[in-house]
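Below you'll find the structure, written out as structure tokens, and then a few comments.
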Amino acid sequence: MQDKFFHEDRFFNPDPGVRKIAREIYSSIKDSPIISPHGHVDPAIFAKNEPFPNPKELFISPDHYIFRMLYSQGITLEELDIPDKNGNTKSLNPQKVWQLFGDNYYLYAGTPTGAWLDYEFSEVFGIKERLNGINAVEIYNEISEKLNSTEFLPRALFEKFNIELLSTTDYATDSLIQHKSILESDWNGRIIPCFRPDAITNLLDMNWKENIEKLSALVNFELNSYKNYIEAIELRREFFKEMGATSTDHGVIEPFTHKLTKNKAEELFQKALTGAITEEDAFLFNANMLMEMARMSSEDGMVMQIHPGSYRNHNEAVYEKYGADKGCDIPIRTEFTINLHELLNAYGNHPNLTVIVFTLDESVYSRELAPLAGHYPAMKIGPAWWFNDSIHGMTRFREMVTETAGFYNTVGFNDDTRAFLSIPARHDLSRRVDSNYLAGLVAKHIVSKTEAIKIAEDLTYNLVKSAYKL
Amino acid sequence: MQDKFFHEDRFFNPDPGVRKIAREIYSSIKDSPIISPHGHVDPAIFAKNEPFPNPKELFISPDHYIFRMLYSQGITLEELDIPDKNGNTKSLNPQKVWQLFGDNYYLYAGTPTGAWLDYEFSEVFGIKERLNGINAVEIYNEISEKLNSTEFLPRALFEKFNIELLSTTDYATDSLIQHKSILESDWNGRIIPCFRPDAITNLLDMNWKENIEKLSALVNFELNSYKNYIEAIELRREFFKEMGATSTDHGVIEPFTHKLTKNKAEELFQKALTGAITEEDAFLFNANMLMEMARMSSEDGMVMQIHPGSYRNHNEAVYEKYGADKGCDIPIRTEFTINLHELLNAYGNHPNLTVIVFTLDESVYSRELAPLAGHYPAMKIGPAWWFNDSIHGMTRFREMVTETAGFYNTVGFNDDTRAFLSIPARHDLSRRVDSNYLAGLVAKHIVSKTEAIKIAEDLTYNLVKSAYKL
Amino acid sequence: MQDKFFHEDRFFNPDPGVRKIAREIYSSIKDSPIISPHGHVDPAIFAKNEPFPNPKELFISPDHYIFRMLYSQGITLEELDIPDKNGNTKSLNPQKVWQLFGDNYYLYAGTPTGAWLDYEFSEVFGIKERLNGINAVEIYNEISEKLNSTEFLPRALFEKFNIELLSTTDYATDSLIQHKSILESDWNGRIIPCFRPDAITNLLDMNWKENIEKLSALVNFELNSYKNYIEAIELRREFFKEMGATSTDHGVIEPFTHKLTKNKAEELFQKALTGAITEEDAFLFNANMLMEMARMSSEDGMVMQIHPGSYRNHNEAVYEKYGADKGCDIPIRTEFTINLHELLNAYGNHPNLTVIVFTLDESVYSRELAPLAGHYPAMKIGPAWWFNDSIHGMTRFREMVTETAGFYNTVGFNDDTRAFLSIPARHDLSRRVDSNYLAGLVAKHIVSKTEAIKIAEDLTYNLVKSAYKL
């Protein structure tokens, strides 16, 4: 028999005094509704509400957090039958892939992926043992069976998970047809879009011209000038807002911000239309578009999110065969104090603007982000992101951010996931880490328990709603 | 009723074994006299020894640590009636401003500012509850009343706080008239100046030429050559030294050090006199002046402090209306290994020189500063500075510095404050964090308790005196 | 009487629950054989197997970890009688130097050097008190006496330390005569070389041409072309492999990787032969040689180690008098995501390659190294290196690496030392820190105790053997 693998005190400080306080704080927030203001779940699964196909398709195929670890240990994506960029697989027996997953499940020891999976197996599917090579088939069958029951349909799980709101992330040129379908259905689940215009603002995007044509078709006028282009973006934002969106999202390598003159912007836009863009051109245009987006947000009130610093598709061989989001995005050093100077000077004191800044570079928490958010009224710090959305990662976030920016210049938790089933696992982990951090402050007599419980409730629910204007 | 808000075990590790040791170590240092070798308290308050006007003027108006947090949450500096750059306010009712402060005091939860304020309210003014919106007026009145008693006059508090020595920070062109007045008074409080020549060494300082004229008037000869200029600086250092100064202080963005040829230095100096200086010119001149200052320190024995890496007045709108030191200074990434190479090669082995280096960029603690200070005899590491002068910040400092540089290449604590009343609070917090860190080493059997107590006494008192040559 | 200075629970979390688990995990690995896959012990000491001369020569003279701390506090290398670059000393009484060491032993409080020394004194020499100024002579005599017994001969200690394998680090042009002598002796201790070609790949090495001539003599053909040069390197790798080497090692300032065209490589090689090389040339040639080395490793299977980011001989005055490795090497900021892009794209998916990457810049653990090693099958992360090979340093390593890369993309411990006697001390400290980290995970219910013990055994023994192909 294995040691008990899923414990009610998991992630809490082992000191009995602190643990007792952590439990008490956690108990006041563990049943709060989930607000997921930023993520990548496909809205189609709720529009269609069809059963998830099988455990391998549910857990492994769409989740690069999972297969990147297996890949790092020499297991090929072919062996895991990950769909290639055209969606084709070799139709391997999914149970065999699952067996390989079970055989290597020990690799996740000490990782948040392991902690989330443990939660999903235990709390969602009622599995009693940690997955391994011996029980893999049995667990596969147990999950498969459940997936075919109505309780495990996407909408039923959405309700079971107590999700009050879920935001997806959508191309500026997305028709939002899935969102419309959900809105028009008799289901009350609240799923809203988020406006992500990278594919039309990054002049080096491989499909930029195609995207501009799509945009043109959607707004019904030609995009032959920078002015038209800006108007088209404003119209799409309006449409997204009508469809429920309250935020925009901007993925850039470097968060440099700089307003170009109209002439320069026009020049670059025309150059892009004729196709002869340089890296420097695209860099400047991006910097300018962040300024435009901040300006639009200060006008239409949509919350602006900046997610910088990811070197996308670092492993070109994997990218060429399998496409994006295959575990090959690697962070790079990121600078904010100088890069955001122009944006914050133009809009950082604006009462109608909220800019939520994320980072993959933890060295900026105490050095740049907390000092900036601890001063500019428009700026807030997004939660520990991606690789740092983890027990130690979130703890470092609180330790390095709170003392300068306090709790109230942060915005609660984002799960940022495309793995729907991991949502409650991720929120639970975050709530536990926050409860534990606050318990430490109580035990060290820095805040009272009453204050800590209030802060925990704000971090879990109230701050998310207010920061994202929900 | 609130939870007890001010606890005798605050900030100590909750583990009962460690806490017991921390208490014991702390008890051996808690009553040590305060030595404050670097800070920004205005010496005039001791020269004049007048009562502090009211709680708002005492706590809020001069302390950007406090109002930057309120500002970040959308409270304007107008609402707080912060004096503009000409010293003008709107004469709002200070009790109303205080009420706003009380209403928002929860924002400081988990910040060192909150911990210091709690100390000041509890230990200096005997307040029994944490400030909030309900008790704000009552507390205002309680503090106001005390401020009018002779016990709360600046000199009386200086003595009550058990301050053995306080260093101010002064322009190279300051007459030190307040210091002279204190020296000539019948009061024995030891308040010494520190020589800060940035305004005459930074060629891009808006008032550089004016400052050079002031300097010229003070030394009584014309500053028409680089040679004269250097001589004038040497004379001012001599004057500061006579007035009790034992240290100099240098605020630069990047701590690049490089000796220019005499011709090049002369050329840049003449260029500055005629006003056509570039950023590159100023950068090189600064690098050269750090070399000159190290040379002078190796000659006159004054301890050289370098405080680099702050992007001053990042929020230009606030700067234009309110001037400097309004919570808008934001750290940037800082490099030391390459930048200090020339200075350390020229003077780092010099027995008469002490260079104390500070940083706002914590990534350099283990990577650059500890290895440098753990080798060069002239170099020491200043304590966790500004945003990092906090419980977690000081703990990270010890964790990242000690293993490479030991305790004895650090220099004890600096409060670095312009908020006089926060001095005992800051020193107490620092002593507690050091006691706690040492208690951890004892509990992990790395040092004995006897050794830990000796180290604590050195960090609190002896190292400060020796490092600053007091 | 002193407090007990060497405790069986040292370095473990003081929480009684965690400590109990840590003890149990540690007990399962503490007697594992030592595998030392990377270090700098001189193989001659085992070839000759002569008694160590005296405590000062054994502990102080060869170990810059020790004398850099004394130097930083104003004790000169002359006073310590450190051999100059020609090996000359002033033949000071070694007992007097030892006394100075004892007088200043308190400087090592809280440092790993102190912890290692305590271990060596207690566990290797049976000393019962921490070294200090009073007991220094007594301890000197006690150690001296033991050094003259057969039990303290190098080979006897090697066996007593339970070292299964020790790797040295050797110039590409080394004859490996000491290794041959050991192999041909009747002693069974396994000591293998590691191929370190920096002195022939760094075109700016002061002796580059001389080294190329040596290399030419060893391979018995003229090195008049880049092609010949590459062939010669391949032959030397073959020779090292025959002599037992399983790894190569590359020390570069910046780990930039870039394949040059054959023509460009030839051009730079010829330029170097005639002596007119620039920094840019050397930088590009290094980048190219890392690509060549990765290519060769993918062919001959030797594990490639990269140790970047040390600014060597920062203190030129010390370097000129005393030579390299005198405590004057200082880390600089290091970048991996962009620098390793080309190498990892060319070879990172290769099943025959292992690249172990080390860093002195901890900011890259969570940002760059863990994400890279958590994806590329060929890449692994080397343990906390040099200044970070310490209690807090190794803890930070686990905390910042594990959540993204897991345990199995790391490679166990490297002692990396030239101080033979510190080997068991360093491995013991590492095993304790890992046991303690794992105990924390168990206490927080993240892994089971059974799982933790398995991981501890892998980190201590199995992963080292597999990663280094031993």
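Letters are used for the chains, namely A, B and C, taken in the order the chains are written, and counting of residues starts over at 1 for each.
The definition used in the following text is that contacts are C-beta pairs under 8 Å (C-beta built on N, C-alpha and C of every residue); 3 or more make two chains touch, one makes a residue touch a chain.
Note that the structure is a prediction, hence the values are computed from the model and not measured.
Chains compared, subunit A against subunit B: the Cα-based superposition rotates one onto the other by 120 degrees, nearest 5.
Counting the residue numbers that touch the partner chain, subunit B and subunit C have less than half of them in common. One simple way to say how far apart two chains are is to compare their mean CA positions; for subunit B and subunit C this gives 40 Å.
Residue positions of subunit B touching 2 or more other chains, listed in rising order: 13, 15, 363. Of all the residues in subunit C, the ones that touch subunit B in their complex are 2-7, 9-16, 68-69, 71-74, 106-112, 114-115, 130, 311, 314-318, 327-333, 360-363, 387-388, 390-393, 396. For subunit B in complex with subunit C, the touching residues are 13, 15, 17-18, 335, 337-338, 341, 344-345, 348-349, 351, 363, 366-368, 370-377, 379, 399-400, 402-409, 440-441, 443-451, 454-455.
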